[in-house]
């Protein structure tokens, strides 16, 4: 009876279905390898991308409302944006475990290396992440964060950006001393495995990291 | 020509007009003593109080929308809630200086004492403030924070809570070593002066602190 | 062909087989729910418990030697002691992902709450953990750590200690403000679920947390 | 009856009257716009500049003595040197609010941006400020500090240094990620407005920041 | 030829000769056991005790002037007050190594224990030390600081205060988790040895710690 | 009766006798100038160098065993490796004061300058030291650490490396703002004095720093 299998809802808080698809693809290994059903969902009515503080502010209450509505249908929730918008509100709304992919990715990296690096989409993202690192207490473990200056669309769908991603990741490892690299956006999972092989250090995709925590939480029961 | 006088908009992000009135009263001295017009406004459609992470998440985009709409009419804005909801989004929206009363109050206290204490409405508020203090870098300067276990309504309108406020403030000063005390909610300004006299140390009202920063920013030009 | 299934080795770095058995029991859910084989092993020749800095120093090179020897047979390793003895040496030796259960447990807790608490076996353990928390950068997120003053044997095998564990966990939640509680020893998993239900906040068993990270790392590939 | 107007004394703790004049000029806007009288005074017998730890040590007790003598004549005091020499002694001596312009400038910047930068007169000043930033808890919010390698005389009186100031400020914004810039010396206020317009981010003059805090403290009563 | 022996000057920055005598007594062992001459000197014209920020401010330039005058006669200098008044100015003035006994005592304690405690003369001293601990970066290694509420005269000359000192030191060890205890004033050395024996953990006298650093610096040449 | 003279054992935890000899040479001044006997000893059976986490893990229990065996013959012990391997285990084993040269060197530097720099043998050493600096709380006082990319053998026996050492030390002083430089390995003492003269700032040899603390501890009794 499949309905008895625990279920996790992963919400892509932007309206870009290509990102949601990329999330589902990134989660295929986890989905196949664990006795938990993982569903992905695009947040209806959300901006096409979370590219400003305003975008993040807009989706926060929408996410909380969605989780409140779906609270009885899922065992855990994952917010699929590196900024973890509305995480605390979502926890209040869901009354179930809710994981933010940004936090989960950073902590996953820290279980594998003393210093972590982050690849951000843009210079603006880098600035946006700084207060988060201080709030989490990981400031002194951040080797560095570098902007790729690519769009979400390029991150998700354009394989030609890989050389730039690799170059910046190498810089994090060699110039900044990063022992693990976090992909600082939900749509870059397709590059994770190749990057990790090329670098020889752990590369963390935040969507995988967030869902892994949700799966673990459920299976540990 | 009064229209040439700079103007500040202070938004009370909850729908409780009594809080807005208390803010205006708290600002009377500043308004009378500076060549800046200070207007207060209740955020239409907001929850009656900001008493949860969800409330804070809900008002954030509403505040940003309001500031975007009013951006050409004011010289600076003040978000009138100790949690500073939506502060970064509001800055994007306004393109003018926007001050959060929580941050401003804490920094004002730190200009007068090495260690500050905070009087929170409730135990839940105390927990909510912790990540803020880490994010701001003021964690090691916080002597302590104590919950009053009173409602916003009591804070704003019930003078009988003063003895409890005084007792907790004394505890912050004498047991925790606070050299300045921050009122951790927008509605407690009526007690500030009496508290400061009774304690002999600085007591900071966040609304006054936030608006003072806005006034200073304008007059320094 | 079961041999193609990825395998994780969890090493109990003390010679107490009852602890190894408790680990295996704690991992039953994870083992059943994921397409990864999880093996547990007692470290031959180790002290009966890791109850001093000397014990931890003794097992560190033994663990590294074991992992070097087993490196080709497993896909990842987990060091089953909250102190994470020899973690960096083990990483050098294994050339595969190696996870320390202490670090993993703390980070797992931080994905669910702003402030975490720890239940330690003894007062001495509490002192031993302090430099670890500073090194990890989680000092300001630690709500508090309380000693249970029970032995490993009691933790693993004596159900009568549960009321004491519950009392101390409640103290962490209610007096110290912990939003998640970490069991600060490898042998307490049997109490995790009951504690979590009784407290209403996340309770993290370090063995489960460490193995979850290893499983996730493998399945994310 | 003008004598009833509150009065603030701003002490320039060096003997350079040109700096005192520059302070008065910087405060013209605040003086005109608030119902508080602002007086500036050169510290008689002080060194011509505060250009060493010894200079700072020398003026500290002189400032305290002056404030003790003037304590009944003013409602608040401002120490007009970025190093805040003798601030705690002055507080003991005055028994009235005393503000240090260095601290006030840094906190003012932090109410407008996550990361602040500082323009110092010289490389030596940069080194001197480091323990201050740690003591204040703002270390992790400092984007960077750059030396201008100009003298106080040049800062106060030589308009030809502006291009160098602007270049370094741009570097703080663009290379270091500063969201606000603090002028790290009492005499640079004449450049503040032009710099702020050119940079598009907040530029804080410490004398204005310190006096603004004093004014606010008085008007909030 | 005794004049070829290196010489250290230890300055007691208060005018209380009994404190200077206590310093000399505390240094007898070091003086007898090392090939360095240790001289102690009372700062002429200083306040009778350093019991306020004003006292500390007053002696700072006096100390710098003394060291400038004596710079050619000594190989190193030690400032004999736990607050390290004028330390940086003294370094500029002397152009020789200058050690502050407060800093040296804290670092000496940290070479022997993860967490240190401090016994302060009074509650006011405790507050005065807090910014110092933050500035030094030792905040998170401070187990706690307790006030003895005794005067300098009692600390130096009244043996009946020993039981109180012992009780507070035990509290630091047992309740606060201190692994080493620092005597937070220059005059308590007479109790150090007995305290250390009674507690079974390191007890650090700051005068001994400061002079030890000076001796070491000289002998290491 | 020479046997009554206190004795310190300095253990070189690698099997390279040339390093032990270099230690003895570095300690000649201290040995001649203090009434304490200083013995140096090579750790039998240790790796030839401590060049990995595994090496450090291997020697830790060997050091503890040696100190346990020698505990009644010495008054204090010094572990002669910058990584301070097994320091806590050695303290348990010895029941006497045990000092780590790495910690002692860092704290010695901090008694002479606000910001310290470190010269490491290699890039790998730099990475290995980072968690140590965080654990000790000195992260924000580290100006920088630079790799020399020389071997222990070169550090100890090859005078031709001096220009490289000097160049990197100058870089720490001039580019990174270090006010004191720590030699980040046990075998570089021969260069200390020349470096200090050339740089004009304190240069700390860790073996001297560690033994100085042990001597001070004994003479302070």
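Note that the chains take the letters A, B, C, D, E and F in the order they are written out, and that residue 1 is the start of every chain.
What we mean here is this: contacts are C-beta pairs under 8 Å (C-beta built on N, C-alpha and C of every residue); 3 or more make two chains touch, one makes a residue touch a chain.
Protein names from UniProt, one per chain: A, B, C, D, E, F = Asp/Glu/hydantoin racemase.
Since the model is a prediction, treat every value here as computed from it, not as a measurement.
*Asks:* What is the set of chains touching both chain A and chain F?
*Replies:* C, D
*Asks:* Match interface D-F to one of E-F, A-F or A-C, accepting only the pair for which over half of the contact pairs are the same residue numbers.
*Replies:* It is A-F that reproduces the contact pattern of D-F.
*Asks:* How far is the middle of chain A from the middle of chain E, if each middle is the mean of its Cα atoms, in Å?
*Replies:* Centres of chain A and chain E (C-alpha means) sit 52 Å apart.
*Asks:* How many angstrom lie between the CA centroids of chain C and chain E, rounded to a whole number?
*Replies:* Measuring from centre to centre gives 43 Å for this pair.
*Asks:* Distance-wise, how many Å sit between the C-alpha centres of chain B and chain D, to the nearest whole number?
*Replies:* 25
*Asks:* Chain F: which residues touch two or more other chains?
*Replies:* 131, 134, 137, 139-141
*Asks:* If we use the touch criterion from the header, which chain pairs count as touching?
*Replies:* Listed in label order, the chain pairs in contact are A-B, A-C, A-D, A-F, B-C, B-D, B-E, C-E, C-F, D-E, D-F, E-F.
*Asks:* Considering only the defined contacts, which chain D positions touch chain A in the complex?
*Replies:* 114-115, 140-141, 177, 179
*Asks:* Show which residues of chain C lie in contact with chain F when the two form their complex.
*Replies:* The touching residues are 52-54, 56-58, 60-61, 64, 86, 88-89, 91-93, 128, 131-132, 134-135, 137.
*Asks:* If you look only at chain D, which of its residues touch chain B in the complex?
*Replies:* Counting only chain D, the residues touching chain B are 29-30, 32-36, 97, 99-100, 103-104, 107-108, 110-112, 136-141, 192-193, 202, 205, 208-209, 212-213, 215-221.
*Asks:* Residues of chain A touching chain D in their complex?
*Replies:* 126-127, 130-131, 134, 139
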